[in-house]
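After this come two complexes, each holding chain A, first together with chain B and then together with chain C.
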Partner chain A sequence: MQVYKVFMKILRSKMSIAITYLAIFLFIGISSANNSPNQGNFSENSAGIIVNDLDKSEASKALIEYLGQSNKISEGAPSDREMLDGIYYNPSRYYLTIKEGFGQKLAGGETDGILAHAAQEGSYYESLVGSKIDLYLTTAKAYVAAGSTAEEALSKAAAALEKKTEVTIVSKKAEGFGDMESYFKFIPYIFLSVFIFALCPVIMTMTKTEIKNRIFSSSISPKRFLFETALSSLSFMAAIYLLVIILIPVFVFKADVTHDMEIAWLNSLAFTVFCASIVLFISNLISSEPLVSLIGNIVSLGMSFICGVFVPLQYLDGSVKTVAAFLPAYWYEILVSALAGSNGQVYSASLAVKCILIQFIFAAAFVAATFAVLKAKEAKKTGNTQNSQALPA
Partner chain B sequence: MLFHNIKYNTLASVREKSIIFWLMLFPVILATFFHIALIGVYDKDILFNTIDVAVVEKTENPNFRKIMDSLSEGDDKMFNTTYADEEKALKMLDDGDVKGIIYVDPKLSLSVKAEGLDQTIIKSFIDQYSVTESVIIENALKDPGSIGDVSAAFSEELKANEQLKLSDGNMNTYMTYMYNLIAMVCILGTTVGTDIARRNEANLSSLGIRSCVSPTGKLTKNFAGLISGCIVQSVCTLIAAVYIVFVLRDDLGIPFPMVVLTSVVGSWMGVAIGFFFGTVGKFSEGSREGLSIAFSMVLCFLSGLMVGDIKTVMMEKVPWFNNINPAALVCDALYALNVDGNLDRYLVKMLTMAAVTLIFTLLGFIMTRRKKYASI
Partner chain C sequence: MANTVVKIDKLVKRYKELVAVDHLSLEIFEGEVFGLLGPNGSGKTTTINCLLSLLSYDKGDIQIFGKDMSPTAYDIKKDIGVVMQNVAVFDQLTVYENIDYFCGLYIKNKAERKKAVEDAIAFTGLENFVKFKPKKLSGGLLRRLNIACGIAHKPKLIIFDEPTVAVDPQSRNKILEGIIDLNRQGATIIYTSHYMEEVEQICTRLAIIDRGRVIAEGTIDELKSNVKCSETVMVEARDVDQAMLEKVRALDHVFETSYENGELTVKYTGGKHNVVRLLNTLQNDNIHIGRVSSEQPTLNTVFLELTGKELRDKE
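Let's look at the complex of A and B:
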């Protein structure tokens, strides 16, 4: 197994970049998977409301308590600049100022300009919190109009607002896979990066004409060379697959091995096979090592941005999605979303088969393209040899 | 001699393949991906858009229908309403044509496929309707004469919650990725700065050995290297800025001359930091280059280039760090230009960048002087 040993020796020198990518992925993937929203009962999206209560009346406290039922409330008196930074970097933030005289004016049925807010203009969160505040104030105002005292109106409004609409989630719930979506969705980026940056330079080194000539002048046959090179590449890929796709979900996330999880493993296996084919293609297409960095970055980042790895599929433009459909990472992401019941995807066995099959077809296409590149290279080499032989001495 | 050195240092830098890739091509590629994937997200994810909803009327409720119809009209309508039977509505929900199904049975209920902001807004609307209806009925039962006043209280338009206008800038939060991209190119100037030290230090490269035995003074050589590095780096940063503003046509919210000024000062800072790094310690050429790229990328990561939320975390947990992180300084300077109505914050950031540049340049010069080699 001389070739295998040499391959692994060269691979060790290229491992630093693979380890860096893996470490960053595991940090982000594990932390985001742990923060995934609970997929049980319907829970409302909540805003982070920072309240500056200048009135400090019973009415203002009641309003804060009401808003706190479905939002995260904190009190403070931020400056305009702090508010600006807050809403710019965190669009779910809502700064509410309860002005002096709020309680008194509300008791008198007057509501104009009793509150002020800062939020991303025209945003969902501005609309959501704004409608809740309006509902509270109009309900209290209605009770005052009906003859209740201010205190009575507030307590009656609070009681009336406790009524909540019944919400049913009708989608098929993945058997525990929902929490794993934010982990599995990053796989295309990490696998493409790790495999291209670590394996391509090694394969390129191993297939250099000088190295090959030296190896073939020994007792190692070309078949054995090819076999051991393929075996070493596959064992590296298998080790990464085993660690990232099976061991971490099972032992770190304590995920159950359900049917959905098995489909996710199969989906990742199909993508790993595609990665193997693209590594083979790039290694044979280019001969300069610095180019690996360029092509690797373009392929991994490009595919990730276009196919919904970094940005959820539902936010991508229709034209971007049309282009993405010609890339395997898109089909990988479709299946992950379907398993998790997100991005408007619904899981079905036929969808799973389709997504996995398309990835295998892409892999087969790249293997065929690699053979074409090798054939063209061979033809060029033969042509050059014949030309040099035809030259007069 | 200074100009001769500047000319050839510039030519040598431009011919470096790694510089062409990392400082010219890579930012352009990354900016294209950011543009394709992120810039439009603001309109879809943050700004309120009309919500597609299906209504299944198991019993008639003319009041509810009237309200739904009024909310489904006009340019800034809240809902796109489709009245359908249950089977069709469920199919629409499955296909992603609607975000939720409102059942009128006679109590209102909601069916959704997933949680989200659209679904929360639909639920909030139904809550609002149900509460209004129940309060009117409750008061009508107690005192029928109060119906007019109670209904008026609900139908009156409220002007209770004034909006504070804090900025006239572009509030697209995803634009910070573009600011961070420009910051990244500036900070990747550390590779150019490291290269200056490599070319002039005898213990770092054979070029340095030749340079050291030449009669040109070290100060002149390093100074020429820094000037050429700053020129090359500024050009690289400006290529990225021009590409973002004029090719991708992304609205940074900043007048272009100010983008140029910030990019140039940021670029000099990156080169100065790299120059200092290049003169410290006895690392090999490869390790030095690797360390400077890793250092730059860590700074960019902490400034929010890879994960935008990191910026918020840093602002809340270690706010002082953003005042000294070179990548965050460039990003914050561009952000301040965009959102602030004055230049106060911008000037502080620019002065800090100038101070960092000066300190690292001086430290670099101090590190390179009086070096002697036993054997070169």
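Let's look at the complex of A and C:
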């Protein structure tokens, strides 16, 4: 395994770039996955309510208690100036004044003019707290009309409104790919960058004409050389795949190995195979190492921008999506979105098969293109001679 | 007679319309330092690449160690060492790692390989640079590393393809001495070059190649003996007239005379004491004589006479 060992030794000199890319990716991937909005659960938003209770009745206390269940309550009697400043600097602030006679009027079934409020006009919090109070008073009014005292009506209304609505997102798959979307969606960029920048220069070094001539003059067969070169490249790719696609999601994100996760792994495997094919193609197409950097950036950034890696697919223009459909990263992103139930994608087994298959077809196309490049190079080198003793490229 | 190590028979290699090697035949024997001499583009490297099966060819047969050479003839290749014209080493590996890697393509046994690598390092004088990376080495040291990588596995046949290109004179001498040492240790050497001085210095036999053909083959003395001009004498002389030139031309073994810019040039086909006879003739006619020099024929003279052109551009 002489070729394998040397390949790995040379690859070690390129590891710094791979580690840098991986570290940046892991930092961004992990933090964005942890900070992504939790789409599966809902929680009520709360406002800061400053109550000026002028009634001081059991009924007013019950109202304050009810509002305190989901908001921060503080009592006070601010001036108009203080209220204006408070609303200006804090849009979630809501000033509520419980007018004198609140309890009495409510017992009589009257709800108009018993409260006054100050909040940012038309704001979310004005609507939120306002609708909560309206609902509470309307319910209490109904109980009063049914013969309850004001206190009873208010406590019954509070009990009735305690029940919360359960929300289920129907487009989201039941098993849940969850927060992993924002991690997996960056895979095309990171895999293309790491594999092209780390592997292409090494393969180019190993297959440089002078080195290749020396190797093929020796007693090692070209098949063995190609086998060991391919094996070492695949070992590196397998290690990165294992780390990024399996170990980190399972051990860092504590993700469950669900069917969705297995499909995500398969999707990433298909993209890794595509990366292997493009690495092979670039290594054989160009002979200058500085060009690797240029082409690597064009391929990884270009594909990522138009295929929805950096910008969600739903924001991409139709014509961009049409072009993107001719690139494998697009199909990778479609499946990731479908697994996460985002970007209007709905998961189905047929979609998964389609997306994965298309990526494999792209890989096959690049392998075929590589063979065409090698054939053209060989023809150029041998001058189209007819002797059958030509070496494999 | 020594065993034949390399036999090339009517080798033809074309690059589309260009015939790079044209029915070239050679036989190289065990223990020889065989030179392939020719100007740039004469077909030396193409011949070597065909010999090593690195390049396909259109016609002809190649045998090494009595067996047909082919890309899959690994039993033959294990006994061949190659030192290419361009340095072929990995920049990312140290001197030791480079030699160990290329030696490892031939020798699998670790202990045996370690010994072979250390021998190669000692042979090329790279002991103090084993941990250096190639980029830290001077041009001469880099060439020595290139040689060490090619010879570490102790091959029976070593091919040097212009190993001294762009090398300083001191390193060049070291390399040439090393090649002679390898030959003394039993290796058969094929040495390609367009530097006739190097070929004259180390080769026991040589072939001169031009336009893909062998135009002369033999030992250096044999090749020189085939040249009409065996000596050229040049004399700084004043007032040499046509009558004087006729007198000189009439001397024994003289076949050509000329007088230009105060310098008389006389070419001889053979004979001894040519300079003394010429100077006596000139002095008898009271011709004032300045600097005198005499040149023996070189391989360039041989090449010039065979092709009508210089072996290489004057540097």
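Note that the second predicted complex is superposed on the first by the 252 of 393 C-alpha atoms of A that agree within 3 Å, B and C clash if a C-alpha of one lies under 4 Å from a C-alpha of the other, contacts with A are read in each partner's own complex, and residues count from 1 in each chain.
By our rule, contacts are C-beta pairs under 8 Å (C-beta built on N, C-alpha and C of every residue); 3 or more make two chains touch, one makes a residue touch a chain.
This one's a predicted model, so the numbers in the text were calculated from it and none came from an experiment.
Student: For A:P222, is the partner it touches chain B (first), chain C (second), both, or none of the two (neither)?
Tutor: In the superposed model, A:P222 contacts chain C only, not chain B.
Student: Classify the contacts of A:T205 with the two partner chains as first (chain B alone), second (chain C alone), both, or neither.
Tutor: After superposing on A, A:T205 lies in contact with chain C but is clear of chain B.
Student: Have a look and say if chain B or chain C is in touch with more residues of chain A.
Tutor: Looking at chain B versus chain C, the one contacting more residues of chain A is B.
Student: If we overlay the two complexes on their shared chain A, which of chain B and chain C does A:R214 touch? Say first, second, both or neither.
Tutor: After superposing on A, A:R214 lies in contact with chain C but is clear of chain B.
Student: Report for A:T322: first if it touches chain B alone, second if chain C alone, otherwise both or neither.
Tutor: In the superposed model, A:T322 contacts neither chain B nor chain C.
Student: For chain A, what residues appear in both contact lists, the one with chain B and the one with chain C?
Tutor: Shared contact residues on chain A (touching chain B in one complex, chain C in the other): none at all.
Student: Where on chain B is chain A touching in the complex?
Tutor: 17-18, 21, 25-26, 29-30, 33-34, 36-38, 40-41, 44-48, 90, 93-94, 96, 107-121, 123-128, 130-132, 134-136, 138-139, 142-143, 146, 149-150, 152-154, 156, 158-164, 166-167, 171, 173, 176, 307-308, 311-312, 315, 335, 339-340, 345
Student: Along chain A, where are the residues that touch chain C in the complex?
Tutor: That would be residues 2, 5-6, 9-10, 13, 205, 208, 210-211, 213-222, 381-391 of chain A.
Student: Which residues of chain A touch chain B in the complex?
Tutor: 28, 37, 42-45, 80-81, 83-85, 87-91, 95, 97, 111-128, 130-135, 137-139, 141-147, 160-161, 163-171, 290, 293-294, 297-298, 301-302, 305-306, 310-311, 314-317, 320, 341-342, 344, 346
Student: For a test of understanding, state which residues of chain C touch chain A in their complex under the given definition.
Tutor: For this pair, the touching residues of chain C are 13-16, 18, 20, 49, 52-58, 70-72, 74-75, 77-78, 80, 82, 84, 86-93, 97, 101-102, 104-106, 149-150.
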